[in-house]
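Same chain, two partners: chain A is paired with chain B first, then with chain C.
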Partner chain A sequence: MIGILASVIDGILIGAVYGLAAMGLTLIWGVMNVINLAHGAIVVIGMFVLYTVANMLGLHPYGAVPLMIVFGFVVGIALYWIGVHRMIGRPELMSLLSTFALNMVLIGLGTAWWTTSPYNVQVSMPGVSWRGYTFTGTHITAAALAVVIAGLLYLLLYHTRIGKAVRAVATNREAAELCGIPTTQVLAMAFGLGVALAGVSGTLIATMFPFTVLSGEAYQLKSFVVTVLGGLGNPAGALMGGIALGLIEGLATPFMPLSWIPIVEFGLFVFCLIAFPRGIFSFTKA
Partner chain B sequence: MKKTLYLLAASMLFAASPAFAQETITIGFTASQTGALNNDSTAQMRGIELWRDDVNAKGGIKVGGKSYTVKLVSYDDESQNTRVQQLYTRLITQDKAQFLISPYSSGLVATAAIISEQYGKVMITTGGALEKTYQLGNKNLFQLYTGSSQYLAGALQALKEKNPTPHVAFVYEDDPFSKSVVAAVRETAKKQGDVIAADESYAGSTTDFSPVINKMIAAKADALLGGGHYADGATLARQLHEQKAGVKWITLLVAPDSPKFAELGDAAVGISVPSQWEPEAAYKPDFGPTVAQFTKEFTDKYKIGPAYHAAGGYAAGLILQHAMEKAGSIEPAKVAAELNAMDVTTFFGRTKFSNDPKSHGLQIAHDMVLAQWQKKDGKLVKEVIWPKAAKTADPLY
Partner chain C sequence: MWRRPFPWFIVAAALLYALYPYFADDVGLRESLLLAAVYIILASNLNLMIGYAGYVNFGNIVFFGLGGYVCLYLVTALQWNVIPAALVAGVAVSALALLFGLGILRLRGAFFALATIGVNQAIQQLVVNFEPWGGATGIYLSLDSYGSLGGPMQALWTTYLLIVAVTAASLLASYAIRNSKFGLGLLAIGQNEDAASVLGVPTPLYKAMVYSASAFLPAVAGGLYFFKSGIIEPTSAFNLQTSIEAIVMVMLGGSGTILGPALGAFLYEELRGFLLTAQSFSQFQLVIAGALLLLIVQFVPGGLLGWLHQHWPKTRRWLE
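On to the complex of A and B.
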């Protein structure tokens, strides 16, 4: 019984980080109807930013978190202007292909620079032990930071003018333009925000596990599952969806061989697509 | 202009050829210089290159009155089977490699073996313990490593000495090598009536072991036998330590043998590894360097101590050289016949290949030892703890 509880708690901790990763994806999807297939590559960028900051520059690992948010925002705006701007409003396949191409370019550059060998950043944080089970400090810190960043995003979206502009553009771009909102700039900022979120989730993941240039793919897949669970364009739903996914993984693990967990996850994915096309947690974002 | 260039090039070629009095023998292989296997594969490659340097410094391989300089042609297989397939075909057809050495890791060796057998080339395999590869009907494969079924036998015996009733957890990589190692020891454990607390395989790319570690804690496992290769083994060891899993005996495949494992610090203490060779081994070689000579040369050149992967690489070249010198020929058929008849001891241990067509090339005379990381005067060192005849320290439990 304790074992199941420990597994569930661990699952929730990781789930918060999945949620953070998915928030970036769902924000971009919701605001500009672009499915960002470069999402995994951006998670990897976040991982290597941590490596650079901690191993090469010798700074404190968690210092990479605010750095990545700023860096990710800037990179996101750049990527928007390079690959996404001209695809807005066009058939969805075009933005899909464009972000896919971005993904290939980023991974290619990363492989040329870092190769596909594994990298690790050793981060020590005191853990919490309970009845024989230990929850590592890095897991707890990552989950806490994920929730904090999600909270900051909420404040940004619902209590600032910029956030209002983003929500307005997401609801109806033409109407927002008519209200005097510079929609192109808002779209660029929203993309930058989405990339920053994805990147910082990569940074947090790298504090917990080793990684390679190709690690982003697995997290991209999980982000899609979480986005579907949480509802498109709903960042709060994404966080809750991430935690739900972590919870499901934690619940399933004690009862079946580990290799079955992806089957459960993706079975759930298909079920949700069929039964709840707008997401289990979708509020009214359309 | 073009014609002059061609004439110039042709004359340079002709001018150059008389200078090539020394003949060369081309040996091809791939190494995983990038990808998940890079740590141990690079060590293996360094072993092979050290052998080449030693042989050429002494004038080359001496066959039937002639001396052949060893030329190595190698490529980066990126730890991928598809690349191994392409590159071994290239080594044979384009680079005209006369003999081959295998890549590192059983999975890649199996792929390279398909190509080498297709083209009828003699290949010495090192870094590949999986026995199945030699049971598919081959003519020209020669395995240097002890087979995978032997890997954990010693570990289980050593464990039972410390704890006659262990709760054993098998947590291992989902690849042919690790699975075959665990299959063998699982059978032994079942026959002896040992309690198997957990039995989980994981994908080689796994980085989050907390679910399986929680399962082990729930099942009250006090011994762990498993692992896979370097990347996953090192991560598993680190996370076992972080989560205070309370496992008293941990034997992991491959990973703890690398000197890089010491970077784990306290997480490495007490972890044992089945090893094909250790620098403390007491073998007396029939030819080639002694254990001490090889260890010193390798450490001087690469500033890091050799683990068994590097020793295997060197031994592969050494055995091939010996076969050519004894056969008095570089013809593949004659060299293969010599390898079939071979029963020698080098610094790496005893080497004898099976001639049974159902398991041709399988290594039947090499022994394994169990090494363990222990703290000596505050520093991490690897000690041999099993078998008793070869041990340099008592096992930590």
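On to the complex of A and C.
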């Protein structure tokens, strides 16, 4: 019984990081109605930033976190101008294809540079022991950082003028433009924020698990599940959705073989899309 | 539909496509043409969804893979001949798609696209865990399975001819659907689904029907293709990347046209072959495909044929 509880708690810790990744996806959707299919590639960028910082530059692994937020923001703005700007206001098909093309280019470059072999970054953090079960230090730190970053995003969106502009553009772009908000810059910035969130969640995931250039796809699908659980375009729901997914994973792990977990996830994903297209936590809609 | 020259043109092109490597007796050419034909089938049927109804199906490869599995299962476990097995696979997958379609096609736009990715991944994982189909290792054919077609050598030629026939059938089906009431309804859905519904197009039914129709021929082709390969396993059968490449092909040639996706598939396959063999590019195949897609989507959303139609309107009449 305690084993299951430990597994659930660990699931919730990892789920907070899933939630952070999904916040990046859902922020972009909420502001510009674009589903960012380059999300997985960006998560991978975050992983390799950690690898570069910790294993190649020899700095402290968690130093990669603030670095990745800045770097992700810059990359995000660049990607916005390369692939997304011309898609704003066009059919969803076009922005899906465009961001997917970005994904192919990024993954292709990553494969050529890093190959597809697995990488691992050793992060030493003391764990917490409780009745014979040890909660890994990296999981606790990652979850704590994820919650802190989510809190910072909340402060940015709801207590600054920039955040107000982002919310205005998300609600009604034309009206925002008429009120003198430079909507294009706000869109580029929102995309940068979304990419920074996805990237930093990749960094946090890489402190916990080994990774390859291709791991992004799995986390991208998890982010979709999370956003669907939390409601697309709803950052607060995304964090709850992430924790819910982590809880489900933690709850399912002791009871079924590991290879069945993805089936549960995707089944849940398709079911939620059909049954609750606005998300289970949509009552908290921002 | 046979009164116009266009379908006869397709038949003639398919005959040439099928017979040229046979009389040239060139096995290498046949293999490369076979792969191109499979891509044409995938792209052409995907075009029914993307080009006509305006729905992106990211998981279109699931039909191809499932068709392959059903066919190979019938051939190995029940000792069926490959032709009825492939046809039954097509019917079974098509029926399954109809069932799925009624569920997930209630979603629109981006939500639908996400669900199709989910369906592909869920089915792949199910097959990995499904022991009768060999789980993660898949199904192998023994050489005896080719006996009914006159030995392995002859069987390779037979499956090539059959796949070309399926290719021609795909193009003819695209043409027939485009010129039917059903096709016009789909085009209306692609333009504006609410307006189409108000004008009396039974949108949920039509969407499920086109989803199911776009499953049939790829499933048959999957059966034939994996029979020819002699092996099927989950990662290659449900490869999401092939699915996406099919979208690139449709966009490259021109979505919504009949010859466009075929042209796009053929060109893409040739380009890919060139990139894979050229030393300096082999690493960057994905990058180049991605950059190509990005450029098409941003600057020539109509694809090759769309661009031609726009600049030389007369080409509309004979290049459909």
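By definition in this document, the second predicted complex is superposed on the first by the 282 of 286 C-alpha atoms of A that agree within 3 Å, B and C clash if a C-alpha of one lies under 4 Å from a C-alpha of the other, contacts with A are read in each partner's own complex, and residues count from 1 in each chain.
Convention: a residue touches a chain if its C-beta (ideal position, glycine included) is under 8 Å from a C-beta of that chain, and two chains touch if they have at least 3 such contacts.
Only a predicted model underlies this, so the values are computations on that prediction, with no experimental measurement involved.
Visitor: Determine, for the superposed arrangement built on chain A, whether chain B and chain C clash or fit.
Guide: Pair status: fit.
Visitor: Should A:Val105 be classified as contacting the first partner (chain B), the second (chain C), both, or neither?
Guide: Once the two structures are laid over each other on A, A:Val105 reaches chain C alone.
Visitor: Identify the partner contact of A:Asn234: answer first if only chain B is touched, second if only chain C is, both if each is, neither if none is.
Guide: In the superposed model, A:Asn234 contacts neither chain B nor chain C.
Visitor: Touching A:Val270, do we find chain B (first), chain C (second), both, or neither?
Guide: Once the two structures are laid over each other on A, A:Val270 reaches chain C alone.
Visitor: Just checking: does A:Thr253 make contact with chain B only, chain C only, both, or neither of them? Give me first, second, both or neither.
Guide: first
Visitor: Looking at A:Leu221, would you say it contacts chain B, chain C, both, or neither? Reply first, second, both or neither.
Guide: It touches chain C, and chain B stays clear.
Visitor: Figure out whether A:Thr26 sits in contact with chain B (first) or chain C (second), or with both, or with neither.
Guide: After superposition on chain A, A:Thr26 lies in contact with neither partner.
Visitor: Tell me which of chain B and chain C touches more residues of chain A.
Guide: Between chain B and chain C, C touches the greater number of residues in chain A.
Visitor: Touching A:Pro118 in the superposition: chain B (first), chain C (second), both, neither?
Guide: In the superposed model, A:Pro118 contacts chain B only, not chain C.
Visitor: Kindly classify A:Gly83 by the partners it touches after superposition: chain B alone (first), chain C alone (second), both, or neither?
Guide: second
Visitor: Least CA distance chain B-chain C after superposition, rounded to whole Å?
Guide: Result, nearest C-alpha distance in the overlay: 7 Å.
Visitor: Using the superposition described at the top, list the residues of chain A that contact chain B and also contact chain C.
Guide: Residues 257, 259, which sit in both footprints.
Visitor: Would you pull the chain A residues touching chain B in the complex into a rising list?
Guide: Checking each residue of chain A against chain B gives 2-3, 6-7, 10, 14, 115-118, 120, 127, 129, 132-134, 136, 139, 208-212, 215, 218, 249-250, 253-254, 257-259, 261.
Visitor: Would you mind writing out the residues of chain A in touch with chain C in their complex?
Guide: 29, 33, 35, 82-83, 86-87, 91-94, 96-98, 100-105, 107-109, 111-112, 217, 221, 224, 228, 232, 257, 259-260, 262-263, 266-267, 269-270, 273-274, 277
Visitor: Which residues of chain C touch chain A in the complex?
Guide: 50, 54, 56, 103-104, 106-107, 109-111, 113-115, 117-119, 121-122, 125-126, 128-129, 240, 244, 247, 251, 283-294, 297-298, 301
Visitor: Name, in rising order, each residue of chain B that touches chain A in their complex.
Guide: Listed in rising order, the residues are 34-36, 38, 78-79, 174, 200-203, 205, 207-208, 210-212, 214-215, 217-218, 231, 234-235, 239, 242-244, 246.
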